[in-house]
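Common to both upcoming complexes is chain A, partnered first by chain B, then by chain C.
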Partner chain A sequence: MSALDILIILLRVAFGAFVPLSFVAVLVWMERRGAAFFQDRAGPNRCNVYGIRAGGLIQNLADGIKLIFKEDIVPGHIQHKLYFILAPMLVFITALLCFAVIPFADVLVLGDREYVMQAVPMDVGILWFLAVVGFGVYGIILAGWSSHNKYGVLGGLRAAAQVISYEIPMGLSLVSLLAVYGTVDLSAIAQYQGQLLFGFIPAWGFVLQPLGVIIFIVAAFAETNRTPFDLAEGESEIVAGYHVEYSSMKFALFFMGEYVAMFVSSALIVTLYFGSYQIPWLSTETLVAHARPVVILLMIGLPVIAYFFAGWIKKNNRTHYYRADDPRSRETAIYVSLLWSLVVVLEVILLIYLIFAAGGAADRILVLLLQIGSFLIKTFLMCFVYVWVRWTLPRFRYDQLQKIGWEKMLPLALLNIFITGAIIVSFS
Partner chain B sequence: MTDTVSEKLRALFPDIEPQKVLDATVIDVEPERLMVVMERLKTYPDLDFSLLLDITAVDYLTYPGQQGGRFRVVYTLRNWKRNWLLQVRTPVADPELGLPTVSGLWGAADWAEREVYDQYGIRFQGHPDLRRILNHWQFEGHPLRKDYDIYKGQVCYEPDRLEKEIRARLAAKGIDQSTMSDINTEMMFLNLGPSHPATHGAIRIFTALDGETIMANVNEIGYLHRGFEKTAENRTYNQIIPLTDRLNYCSALMNNIAYVKAVESWLGIEITDRAMFMRVILGEFFRVQDHLVCLAANLVDMGGLTNYWYLYNEKEASYDFISRLTGARLTSSFTRIGGMYRDFYEGWEADLERQLQAIEKGVNDSLKLVLQNRIVHDRTQGTCVLSPEKALSYGYTGPNLRSTGIAFDLRKDNPYYHYDSFDFDIPIGSRGDIYDRIMVRFEEIFESIKIIRQAVKRIPAGPVFVDDHRVALPPKEQVYHKIEGLANHFKLIFEGVKTPAGEWYDSYEAANGELGFHFVSDGSGTPYKLKVRPPCFYAMSGFHEMIEGEMIADAIINLGSINIIGGELDR
Partner chain C sequence: MSAELVLSGAVFIGLALAIPTIMVLTAVFGPRSGGEAKNAPYESGITQVVGMADQKFSVKFYLLAILFLIFDIEAVFMYPWAVSLRELGVFGFIEMVVFILLLLTGLIYILKKGVLNWR
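The block that comes next holds the complex of A and B.
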């Protein structure tokens, strides 16, 4: 194993571990600002470090500090302390582990070696996801049961019933998808979606499986325990459900686990149905072959985007009444100069690339970075859909939720399998 | 109209002489005949007093020139179809023996009699569950008796377990542990509240669950009991106005209006036209506020938090208008006996209109999220259904009663303040489920806005206070320069507005239903007795009927949909 191999392994694992974690901060921020946007209010915008508010991101920092320094209570009535402490870890770790198999870029070819861009290169792919995500609910059930609290038990029961009802349609909608792709390996699935259908439509999952994508997304929403499926938590009904007795970082693990799960299931939806890291109409080979024009386009595009972004910041980030030596304007100046320095740095890097490194391995790495960017943007947008739905829909009732799972989604998923099977058989 | 009720009563009970007091007909009945009379009043189709509004008692211990016994129980009944109001008074010789219960005739009597027992110590023979209700279970004595010291507080040191009560309720429904053990399961007892995110106050909903289905339910109230009625006996009439703010704190000004309306009608004061229109405008404005709060909270209970902001933001903005007008956001205390505290400020029409448009926009935004929403429909349609008979029996009034299809609204049926001259509709429901209760409130918001717009167009100029020195403070000019004026001012402030001796009941269509006040006056400037008829006390008394057999989640949204306000419920 060469030094390069080890470096790439380290990078992949770091990506798999830290990207979901850093996305927790972004998603919490997006949830709050998104909610505020839907609800006609401002959202968190006061927390700051020396006047820098980073659009509300500093609030997360404050929350983190608060949660770390809060007293970590294990209530006296709890009999199984081990399970009580184990439960949040389980929720968090299983959520994080799911991301390990999701490819975030095409296979990197360096010389004669190929590196699969997954944290853990495995060809079981989607099966790993199903296994691990199913395990995550044990954490919730365990938390509800070991809390020794009636609300907790009800929350745990709801979670258990919900997962059983929704894993089946989820699995069945995957069956038809896998029949289309002919593989369970997520990397292969992602590569498959780089093709073009009839020569002009990207062969993304949602085009091939229009019914399957709906079933899968609904089931994925149910898996992440978010509104309209947040019955296990059911804030207004069973107070906080399974995590009613948790405080401090143990609560924070549940909280972060929820957002990691949301990120991971968005990533999986993107991987399975929305072309993964693929940029539409630009396959990996096309990009590698035309690396120079792509870079030149980027070099032109970056300043233009930065210009409009800076203008948007300047327009909005100011005090809307007279204030001597407006601190908001100072803040804006800092943002704008940071933005432009970032652009300058990127331009210099791209320029160095154009002059010295064009062709060969550098092209491959450039494409890799572009694809990572594409993957993250798509996942981010999918996460926004999660936020959007949460702040639009009310909650289901326990029995209605199961009715939809068993009476609507299950037959639809089966129907989808038959239709898909018929089409595949008749075309092959 | 009431003449006919007198005739009918005379025909049925020749020896009873009905009297007319304001809108109400009053009859005195001997305790022995009480059951017969009450049964006939309820079941006789010509009388059909299907609504038991209130039961209260009067303690005549210190009443000047009192003849007869110490206690008297007063039943307030209503025939909603013909708008007959009837008060049945019956003396109680021995409070320990008390009276026979009427809880077999009206469901509302269950809690109403418990309250009389709690406050006056009058027992009701045959009552299924005669316990204290507003005061805690360790309380000793009966606070509304005249010999109970007003400054004597009592602390509760232990919660009431309620286990006996819920087992009795289970037994009444024919469920016992053996049926449960047949299917290898156990019943779970779960407390929702007193402090629970969905109780919006402090109410204890004690449930026996099979899975998530509620098998039996017993409720405990009184966590917010602060002795409004006892305090009122120690205040002059005008001093009570700030206390009424705290009854239904979501529509504080409506309580102010209802209270002063009751006093004014006994005094026979006709307030100025401008004051009447002001009361209509403000009353309807607060009806809108009350519904906004109720709907916002109800949709939050359902998990639709965005609705909360669309509705509550407008309520919040409305408070700015209210504070410009009254100086306070919530505790408005804006009315006085004989008129209003002051006139509207300059330019109020524009502010009000802007606010109404904002409310319409917020409500329409919220309706867009709700009206076509399948989840909302599934959650609310057909759940926690209240039949019209049950609603009447339990004394439901206001939007909750109208949602069952009964078109009873005091603004139409017993109009006051020119309500008969306004063009507005009374929305009614068809099934009495949660959906109907929500939608009736949504519709009433638009109807109230309609009334406000008409009233703003028609409001006349002129004084806002009557020129009657029995109630109105003399102008400062007279107070400073004339001894008569000074004496008048002094008397009104220190002794209060003097009301003629007597007893009367007057009611007002508040946002939640019929808000009634039962007064006993001994001719002084403070009420001898003041009893509030809070609409949501009776709504809560029928709560268990609605949620038994439904699920926890339904019980939660049902509690929001009947709009329980702690301040009014517990007084």
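The block that comes next holds the complex of A and C.
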């Protein structure tokens, strides 16, 4: 292996491990501000560092620090302390490991080498995902059981029963999808979605599998224990379910695990059904072939977007405070100048690219960055759907949950396989 | 297995295992104080513990686990079939329809028996 190989491997792994982690902060922020938005209130907006509030993101920092300085309690009635400590780690690790196989950009061709843009370049992507997701149940049931608390045990049992029930519709809706794509390699699936159907519709999964996408998304909500399927931690019935006895960083790991799982399943939904990193109508080849016009368009588009974004920031930040020297009064100016300096830096980089580096490897790296951006934007929007659903739909009753899973979704998934199979067989 | 796969896998799994050790931070920085109430199972503010954690729970959970095994193995059989459906053609499709119908009959029997009736 050359030095370039090792560099790219490390960059890929760093992306795969730290992007979900940094998205945890963004998602917690989105959850709170989203909740506030849906309930017509302001949400966290007071915490600041020298007047910088970052729209409430600083609140997450404060909460993180608070959790670190909490007392680390292992209640005395717990007999299996090892399992008690192991459970939150297991939940977090399984959530993070799922991201290993998600492709975030098209295969990067540098010289005669090809680099698959997955954290771990496995060609059995979906199987790895299903296997690791199955492990997540162990963390939850271990937490519930080792807590030795009746709410914990009930929460763990409910969560385990729910996750295994919804794994079946999830797996079966994947079967029909795999029949369409003809592969289990997520990278190949993502490349497949760069094609066009009938010459003008992007061949994304949700166009090819309209029923499958609904079943998969509903099952993914249940797998991540999100509302309307959050019976495992239903606070009105069993307080907090399996993490009732957890506090401080052990609780934080459950919390982070939940948001990492949400991010990863959004990423998987995007990968399978919403075109992965593909930018609609612009395949990788088109982008590489027309790198110059794309860059010129970006150079024109960036200041326009920045102008409207700056206007939005100015509109939404108060400038007058009761105290004349309130540090928050300078906030807007700081944001706007940061935004414009970012735009200037990007424009200079693009200009340097246009003058010196156009053609060859630089084109491919540019396309790679564009595709990563497209992937992250899509995943972010999918995460917003999670927040949206959470604050819109009420929680199901437990018998309703199982009824939907076994009596509605399972037959629907089988029907979907039948229809898909019949169409594929009759057309091939 | 290529060296690339081994290296990325090892680094990624190593990172995933290392990140949860931030749990140690709170043991270092957090305060320490015991107390009788902290050592009792959480009971929503009721000081006397009502009910045990190791009580019996519904047999439905066991039935559900067995059903999960059956249908998950069904799904596992379907993955290779799905990937190679184009080569298998009409014969493979009919084979799978028969297989699904058998399991569907089982599902209908289960539902009629009221196994998944949670009332």
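In the analysis below, the second predicted complex is superposed on the first by the 417 of 428 C-alpha atoms of A that agree within 3 Å, B and C clash if a C-alpha of one lies under 4 Å from a C-alpha of the other, contacts with A are read in each partner's own complex, and residues count from 1 in each chain.
Everything below uses one rule, namely that a residue touches a chain if its C-beta (ideal position, glycine included) is under 8 Å from a C-beta of that chain, and two chains touch if they have at least 3 such contacts.
Since we're looking at a predicted model, the values are computed, not measured.
K.L.:
Which of the two partners, first being chain B and second being chain C, lies in contact with A:Glu407: first, second, both, or neither?
P.N.:
The answer is second: A:Glu407 touches chain C but not chain B.
K.L.:
State whether A:Gly156 touches chain B only (first), chain C only (second), both chains, or neither.
P.N.:
In the superposition, A:Gly156 contacts neither chain B nor chain C.
K.L.:
Now for A:Phe396: first (chain B), second (chain C), both, or neither, which partner does it touch?
P.N.:
Once the two structures are laid over each other on A, A:Phe396 reaches chain B alone.
K.L.:
Does the superposition put A:Pro103 against chain B (first), chain C (second), both, or neither?
P.N.:
The answer is neither, since A:Pro103 touches no partner chain.
K.L.:
Just chain B (first), just chain C (second), both, or neither: which does A:Pro44 touch?
P.N.:
In the superposition, A:Pro44 touches no partner, neither chain B nor chain C.
K.L.:
Mind working out whether A:Pro202 is in touch with chain B, chain C, both or neither, as first, second, both or neither?
P.N.:
The answer is neither, since A:Pro202 touches no partner chain.
K.L.:
Examine A:Gly139 and indicate which partner it touches, taking first as chain B and second as chain C; both and neither are also allowed.
P.N.:
Neither partner.
K.L.:
State whether chain B or chain C is in contact with more residues of chain A in the superposed arrangement.
P.N.:
C
K.L.:
Check the residue A:Gly241 against both partner chains and state whether it touches chain B (first), chain C (second), both, or neither.
P.N.:
After superposition on chain A, A:Gly241 lies in contact with neither partner.
K.L.:
Which of the two partners, first being chain B and second being chain C, lies in contact with A:Gly421: first, second, both, or neither?
P.N.:
In the superposed model, A:Gly421 contacts chain C only, not chain B.
K.L.:
Quick check on my understanding: which residues of chain A belong to both its chain B contact set and its chain C contact set?
P.N.:
Touching chain B and chain C on chain A: residues 150-151, 154, 239, 398-399.
K.L.:
Over in the complex, which chain C residues touch chain A? Could you list them?
P.N.:
Those in contact with chain A are residues 3-5, 7-9, 11-13, 15-17, 19-20, 22-23, 25-27, 29-33, 38-42, 44, 51-55, 57, 60-61, 64-65, 67-68, 71-72, 75-76, 78-79, 81-86, 89-90, 92-93, 96-97, 100, 104, 107, 111, 116-119.
K.L.:
Which residues of chain B touch chain A in their complex?
P.N.:
Going through chain B, the ones touching chain A are 188, 190, 196-198, 212, 299-306, 308-310, 313, 369, 373, 375-376, 378-379, 551-554, 556.
K.L.:
Spell out the part of chain A that touches chain C in their complex, as residue ranges.
P.N.:
Going by the criterion above, the answer is residues 1, 5-6, 9-10, 12-13, 16-17, 21, 67-73, 75-77, 85, 88-89, 92-93, 96-97, 100, 119-122, 127, 147-154, 157, 160-161, 164-165, 167-168, 171-172, 174-176, 178-179, 182-184, 239, 244-245, 248-250, 253, 398-399, 402-403, 406-407, 410-411, 414, 417-418, 421-422, 424-425, 428.
K.L.:
Taking the touch rule as given, give the residues of chain A at its contact with chain B in the complex, in rising order.
P.N.:
Its residues touching chain B are 35, 38-41, 150-151, 154, 227-228, 230, 234-239, 391-400.
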